[in-house]
Amino acid sequence: MGKLWLLLIVAGIALSAALAIGAIPLPLWDIVTRQATPLQDTVFMDIRAPRVLLAGCVGAVLGLAGACLQGLFRNPLADPTLIGVSSGAALGAVAMIVLGDALQLPALLAAYAVPVAAICGALLVTSFLYAFAARFGQFNIVTLLLVGIAVNAMSTVGIGAFEYLSDDRQLRNLVFWMMGSFGRAGWQTVLPALVVMILAGLILLRQSRGLDLIQLGEADASFLGVDVGRLKRLVILMSAVAVGAGVALSGIIGFVGLVVPHLVRLLIGPLHRFLLPGSILLGAGLMMSADLFARTIIVPAELPVSLVTSALGAPFFLWLIARSRRV
Amino acid sequence: MSIRLSNVSYSQGTACLLDGVTTSFTAGQVSAIVGPNGAGKTTLMRLISGEMQGSGEIFYHERNLRQLSLRAQAACRAVMTQSSQVVFDFSVEDILHMGWIQSDRLLLNETLSAVANRCGISSFLDRRFNSLSGGEQQRVQFARALLQLSPVAESNYPAFLLLDEPTASLDVAHEMMVLGLAKEAAAQGLGVVVILHDLNLASRFADNIYLMRDAQLIAAGPPEHILVADLLSEVYATPLMVEQHPQLQCRIVLAR
Amino acid sequence: MNRALAVVVVVWCLSSAQAAAQSCPDDLDARRVAVAGGSITEIIYALGMQSQLVAVDRTSNYPEAATRLPSIGYVRAVSAEGLLSLDPTLVLGEHDTGPLEVVAQVRNAGVPVVVIPEVHTVDGIFAKVDCVATIMGAPSAAVTALKASMQDQVQQIQSVIADTKPRVAVLLSLADGVPTGGGTATSADGVLAMAGAENVLAGFEGWKPISLEAMAASDPQYIVMPDRGLVAAGGRNAVRAHPSIALTQAGQADRIIGIDGMSLLGFGPRTLGAAVELARAFKAGPAGQ
């Protein structure tokens, strides 16, 4: 419990740093006391604040979804990106970007079409993975990764096809979006996604006991009073909703969902009632820091944030594989 | 106070795995289910535990199992299956906590240390579950099952402990230990239903023995009624002899 | 999202021809200009207005001095805060400046973003020069001198242009062995038309990967590649030996032309020079023999 406070402090520091530091020097105190210039206000309110908030929330849901999926699959390498949930969301979003014009949705719906499509894509992949696992027995670590490779490959095919179909303007959208970035955050897009992510997150947080018990095996969990079918449906649905909503705004950002739950387990153990909030805090802190690095290291330009997270995550992933081979 | 089965059957496709079993298991006693391989012992256990549903009715204290919620079922019976692998590094204490289905955390700590003492696992509550030996893990799982039922054990409804071959991977010392604990739990009022392969363990620990063959329950009663050479030889299709052990005061079964 | 849609509409209107006049306003504060687009940077240098530049994007690699200015990144992935941190009074971008949300953010912060219209013809280049000159408030002498030298090059093109149109393909790269070629409505298509050549890849729109068989079947007499794409593909001989290109006239006669990418495809003044170079090469080839 005390260590959870530690993670809260870490996330708080990351939040303050991300809000305070950027290409344009912004004296936070002046902004709070309304003494900043209008330009500083605009930069803070319209550019930096929504961006930091989006980064924090996407990091939080990726961490949370990673922890929940690892728990549900009883597999420490289940990560929304590795097993294809993110690329499923990407496929859904890409399809909507390219085909959306043809659907001629009313403007009010069109605004939410891409996130909804991303959620559907994520849902499709997650359900498929679970159905596959249910049919062929519980996945061991290697099988899950292999299936993930296959799913990612299928999504890549789909995305490639849509890239081919897209016109120049759509393609520009796609390319930028596949790189993963929080640079496009604005209140109009961030707020609805935030609501969705928070709702899904709250529902996931309530599953901590079920996720603990399912570690004993599905039958044992149900002997202890857990409705295993309901647990699976909720975790799959809500993880997909949260990841889909995040991916729709920020593109694919790898490894956060893998690394964060592991670090939290090392710090405060595997019990989900600590692991889930811990993953939210660390995921948010890590992502805000990664984005801070990405947008300040080569000012005035910026790095794709997925480059930063992958640079951190890929070696960690290798270490995990080496460790799991030994066990 | 009992589990009562009324004409319980189960079939899978054309194969009948359990055929019209009507019987009851009494609380405060150890009931051992025995029989040759494929007799339907595990099917019976899975139906009693609610893991599978067949035809016929099963009553816990005259409450129909079908009408009990999963939570209510969890308060009526605990099931100890063959120990499954736990992926993440839970401590022994974490695993025990998972058996606690009540919300009262204060009572938990009290009960937990009592149960841990009884099962002889107090010394490694802090260790990683995965680092334990098979026998130690089995004891922890047993303690978890006891913990699940302990608040109920003091109420008016005695609960049932369902054990599917709890001694399968244990050496003789651990065999004695786990069945001794089961017997002790029964003495304190719990009902214990246990599948056993070893007729001599059934003889030593069971108050009642349920003999199965070919998906049917063919005899039930105290050991001296069931452990009879003629009956066993016929059921197991092997010549067996039964002797009274002079010191243990129970029957022992030997192949001829 | 609504704002994004609005921006899409606005940008689309700006880049369409009828709005061209409004998109080159002369009343903007052009003292500190950030540029996203190599051809605009090139024009500003050619007009001698470079002292007003505060930053350029990564496609601005000509003249060499431009590469020493602060870089705002790739034209399609500009950072809003990074851009604003340079305190520009104006942002000039090519048609593909983005992402659109970032353009909107910069405008919200009170910095005008002007998207220069792009038309892939000789007139289009002249219009671009006029537009940039108007916005930057360039002295008319500099504009006249630049346009005179450009006119010079246009005449050179006309003097060397071949009688029969050679069949040419422009390939961006041979990444993973798959050629990416320019179809209609690309700058490649425009520069080939200028140099009096026929684009053999006119069967599709935009830049697309081309199947090897389709590449062989298109049978160009010349293949034009940007220098960087040529180097990345392993040099002229590697391109010649590529299984699909080896079957074409261009491959068999070793008529692979490497040319600086931004001068070829950027549609600034240098593109006229590239067109002259191409037209000369075509004249020396089968059309002239």
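The chains carry the letters A, B and C, assigned in the order they are written, with residues numbered from 1 in each.
Assume contacts are C-beta pairs under 8 Å (C-beta built on N, C-alpha and C of every residue); 3 or more make two chains touch, one makes a residue touch a chain.
Bear in mind that the values here come from a model prediction, so they are computed numbers and not experimental data.
The greatest centre-to-centre gap from chain C, using C-alpha centroids, is found for B. Taking the mean of all protein Cα atoms as the centre, the chain whose own Cα mean lies nearest is A.
Counting C-beta pairs in contact across A-B and across A-C gives the higher total for A-C.
With centres taken as mean Cα positions, chain C sits 79 Å from chain B. Separating the CA-averaged centres of chain A and chain B is a span of 45 Å. Distance between chain A and chain C, defined via averaged C-alpha coordinates, is recorded as 37 Å.
Residue numbers of chain B whose C-beta contacts span two or more other chains: none are found. Considering their complex, residues 74-76, 212-213, 215-217, 219-220, 222-227, 265, 269-271 of chain A touch chain B. By the touch criterion stated above, chain C contacts chain A in their complex at residues 1-5, 8, 12, 55, 58, 70-74, 76-86, 96, 98-99, 101-102, 104-105, 108-110, 205-206, 208-209.
For chain B in complex with chain A, the residues that touch the partner chain are 49-51, 69-71, 73-75, 77-79, 81, 84, 86-91, 94-95, 97-99, 101, 148. Chain A makes touch with chain C in their complex at residues 22-24, 38-39, 42-43, 46-48, 107, 110-112, 114, 164, 167-169, 171-173, 175-176, 179, 181, 183-186, 188-189, 295, 298-302, 304.
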